[in-house]
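I've put the structures underneath this note.
Two complexes come next, and they have one chain in common, chain A, joined by chain B in the first and chain C in the second.
What follows is the complex of A and B.
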């Protein structure tokens, strides 16, 4: 773990308020922030383990367990609700049952005129996502029914 | 000679398939041995036309849209590179009433300029505000901003000049400029469009703020849900060279906490802690980031400043009505036919936005409720659609303009359910520091569940709870969650009377 984290620590050396940038880089590299990283981060930043744990668990974005092969985020905020995101969410949960996909709600992707909106991975966006379009996207990713 | 083609790289355009269109155009041009130069501009903000392709021709920029990759061979066959006729041809996009009627100030270059090019930004009139600010004394810059009447565009509408003057008057050696780009309100995307479509404008506004108050370091706190905005800002910063002088800017990524849009929670987050709201006083202007005097403003606030400096305070002050001066980029969202960005001076009515620009609902059904100002804003019924878009006029009807987000719902909406969602969202996103917000929101969900199950005698209890949250919460999270709840209750009482949903079992319901 230390060899994986050291380059990240080096990047942010001397940075004020470096904890979030470090956590982002770890999650970007590993897909999540592993438990065993916590004491190393704490030591690096002269924080208590509780402080680091507190930050990781406070923010919705950080995960403590590895995600599925794909991460699919579905916008569930008002503007997408107005265009049927609830029905889409129900459909998606059913479609992805047993699949190696992490399905998460997200509260606004800033695509509020063209919802329902979906984010796949870190930056792949889709607009006007109907249940049919959602299935096509999942089929495209090779997610089995 | 190569032909310049604009294909937006804005997140909304990407979500509509702009990358595939760009790839198809590149491939088709190569096959036909035509030299083209593709610029990934921002979006014009007419999202039903995305992906919107603009070709630079002898007649000027000629737009086609919405283009799919399947249209591309046909467009080439129709000689769209010369601006010739095709079913998707829109001509000069700026002559479309939707754009022609607008008066864009802060987003004037978005969709026009190449966001990855400082030289294009300067060629399009950018940089003049900063150049003028460099010739002025700090107090004179602040005076310009004060005289313009600019108020914070994040939602609270606090006079920007007063905030800047407070920071200017402090004597600290280290001061900071912080941009709040944690645009978490549903129905809002103007910050995102500006950052993706004209990032240098934001950098310029922040650098002017730095000169005005004596700060040499700035942070832009962008939400993690906006990866494309973060990339655009970082690219712009890399390319800015010494244009910003000794003012340095760092982009910080949020981590999915809505409450970090509250200014003190945002500062905590930059400092590397949980985004917990701070007690005020002290104001951030006195003791903000790392305990130092800090100007913290929204993206659009900073983006309005370059023009105020370049064209003079009077130009901005002369737009608008009452105490709402200048323009506000409204964002038409939700169930709306022509959703997009409408930047106009304050003073029009909500109805004009919804029907003259928005064209009514997307579903074709009557509009029943419109939430203005994000998840903490009130729902307005049809009888209030003639309210003037002005901070004070909205306050007078118990609503807020906020950041200018407008989310339309048709008549299939269940307003008791929307009220429940407001409480649920507050429970999910509360930072937990104060009791009314942390516990009140959860109790609010439960009370609304009981009301929806038929216990209408609990409506006074819900009102009482809202009262406690409004007056007892530390910040707008708990303090304004009652806006959507009470407006739903007041204007759509019929949705709270019939038995709509069985009571959830223990442990169910909060997601």
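What follows is the complex of A and C.
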């Protein structure tokens, strides 16, 4: 774990408020922030384990367990809700049962006029996602029913 | 019983502000909160997240007020007062708001008040009453936090019941602000927010140090002492002083009849200001432990079974034996050890008994094996043997230099105060062979850690002095006004020698010269600098030299005699300062006056009605030597355990075995009692009146909370023994003993129980010149007149590493155990630490094939023992480390007879050792187990009869 984190720590060495950037970098590199990373981050930043844990759990963005093969984020903010994102979320949860996909709610992807919106991975945005379109996207990813 | 809570901490300011609260004019220092000002005006504003031990937080929204001319409803805890402000704390609108807030709280709180442990002492309950809560319109259905929640009962002393939690953050803030451990957090957010230890650990698995600050801060039963859960709320309390370390924390013993329900740190205790550690707060169960011996016992030989006897018979027997020995072997063939755990009054009586009834000066105290070099070193340089400043004044220090001290383990409340000061911006220098917790505490990292080799303090301190002298960092004016000119000139020349430069000393200390130079510059130029030191300085062959070197540094930079600066020896035991002050030494009378001084002797001779010896008596090591030589045959040992605590255990055991009458006065059958012929049951601090003196010279009251289990307090026992010896002593109460001390001791002349009652505590010197005591020493001049610099030539210890003994063993303490462990081993603290372990660097471990948890044999020139290994980088390569809290460890079987050149203080901190892998305990340990079993059998015989 130490060898994975050291380059990240080095990048942020001496910077004020380095905790969030470090957590982002770790999640980017590993897909999540492992439990074992917390004491190392704490030591690096002269914080306690509890403090780091508090920050990780405060932000829903940070994962404490490894994600599935694919990460699908579904916008649940007001505009998308008005366009049926709640129904889409229910459909998605059913469709993805047992699949190696992490489905997460997200609050606004900036596509309010063309919702419901979905983000696959880090940068693949989709608008006007209906349940049918969602299924097609998942089939495209090879996610089995 | 509950003290008034002002809601936010006191503020000091030169400027006063007058405002009006509910029609009452009140004047407070600028910066005070409206909430605190209101309490001063007699107005209690409802609150939940505010308490005066913590900075205001403003989260509970119960303390809202209206301020004339302002919009909205500011929280009174976070709103500072302003001149002319008009505040209303009770209006119909505020009542509505508060009731609504409370309604929300209660909608997520179990309604089991009647069976709740906080019942009768719950702030939530009180506030519900204060705001007039009558209904909860939201109902109790729906998502909540109180059904199916698991209590965390992992900590032996308190429980965490999330069902009762209102997430006020007080516990988290207490852990951060008061204790500085940062073991707690709020995990999640919104409705998911929960108080969490560590990374959702149990409290026991977390970084929690069980100081109890969170439990104290909790307004509900969320964090609750198990003793209160078991016994219910107390009905009265007794204010007293902790009997553990030399910090001297004030406590309220909360009682039900004569049973302690809990110990709560006293807010007005000047040493601790409402904070505590796991020992004082929770580890008091030893006082009523089943191992307590409550009946006097005697036996002819140490292999005989004990026989319970009446007090009278025990005293008569001890007195007869002591007199027989003196008749046979001479007046000087007996002596006594004064306890550093007993009260000043009791210590005074024991030395009086020795001098007046034994007729010699053979009295010593365990300070011999800890801070005797402090007495010598500070006495020679500054003129008095004690810390120069108050703990409070460290809040004004800019640089903190810790050398040979591990405050977060040994003096936890001072440790917490030091960490707090570092978080506020003070710079920290740690000089220690080992990475103590203070080096890397959360938000309080040391600027410099000079990780020197054990035994090289004097080299390090001389190198620091060299930098200060040669880089022009001397406070010339201070020295010109306050110090001896010639002595300073000599020292200046000495310190400037190239041989003392950091570059020259680098090879000795193992610390890079640049790091030493940087630390010296910081100490000399960083503003107010305060030095804290401990046994890592004194317990060396050059212990006294190192103390002198510390005083030199402080004088050279002008860092003595003001707020925020000074030299602070942290004393190990609750009353080791007092045992020294009371003349518990073979060469001094109470108040540090030498026995050879005719005027002092005359004073005591007149008061005590006897003639006194002008020659110093025997020190502990001399007593032991003399015992082995056949000239010392009787010992009265009050509340001390040399057979475990003193170095070279086998030597001590042999000396005790050579004596004809050993009288042990103790709570338990300690290691020394195994060699005793008379056992006089002692009384714990809860069972008697008296005073303790802490490391800042603060004399605090100890008050009787329960009757002595044996029927006698220790002062009564000593008194009766003196009477049996034919020397009359008659005191009705310890206050009379203090009056006698005051009459005979100039530095205590103004001390009496009425004053202590009035002031809470007082720091000596307390006399006509300073009737309210002396918080800061050496303010306008040193006690000895001019401060004296002394040269501190580094002389390496004889205890050297060789191919046969290639590692250096050093010893220290752990938070949860206290010294020989007689008390803490008999509490649940063993759940935190149940055996002494040997810390070893991975490099040394690998070389020897030692793995974490292996049994290793440790051999020194004195003996050998076996401990379990902990492989850690806390220690440096070449150094191993252990604690000495458990008798079966035999840590002192290994330590040697080497000692400080001036005071005989043993060199516990440096022992050359070799390690070998073993699969069984050492011979000494096996014998110890056998003997322990045998002595317990002999005790059982007495109990059975």
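We take it that the second predicted complex is superposed on the first by the 145 of 145 C-alpha atoms of A that agree within 3 Å, B and C clash if a C-alpha of one lies under 4 Å from a C-alpha of the other, contacts with A are read in each partner's own complex, and residues count from 1 in each chain.
Keep this in mind: contacts are C-beta pairs under 8 Å (C-beta built on N, C-alpha and C of every residue); 3 or more make two chains touch, one makes a residue touch a chain.
This is a predicted model, so every value here is computed, not measured.
Contacts of A:114 after superposition: chain B is touched, whereas chain C is not reached.
Of the two partner chains, neither chain B nor chain C is touched by A:28.
By the touch criterion stated above, A:62 is placed in contact with chain B alone, chain C being left untouched. By the document's definition of touching, both partners, chain B and chain C, reach A:54. In the superposition on chain A, A:125 makes contact with chain B only, while chain C stays out of contact range. Of the two partner chains placed around the shared chain by superposition, chain C is the only one that A:42 touches, whereas chain B remains out of contact. Contacts of A:145 after superposition on the shared chain: neither chain B nor chain C is touched.
Between chain B and chain C, B contacts the larger number of chain A residues.
Shared contact residues of chain A with chain B and chain C: 51, 54, 58.
By the touch rule above, chain C contacts chain A in their complex via residues 181-189, 192, 196-200, 206-207, 440, 442-445. Every residue of chain A that touches chain C in the complex is listed here, in rising order: 35, 38, 42-43, 46-54, 57-58. Remark: chain B residues 11-12, 14-16, 47-48, 50, 183-189, 192, 224-228, 252-258, 269-275, 290, 331-336, 339-340, 362, 371, 375, 405, 407-410, 413, 418, 421, 425, 428-429, 511 touch chain A in the complex.
Listing the residues of chain A that touch chain B in their complex gives 16-21, 23-24, 45, 51, 54-55, 58-62, 77-83, 105-115, 117, 119, 122-123, 125-128.
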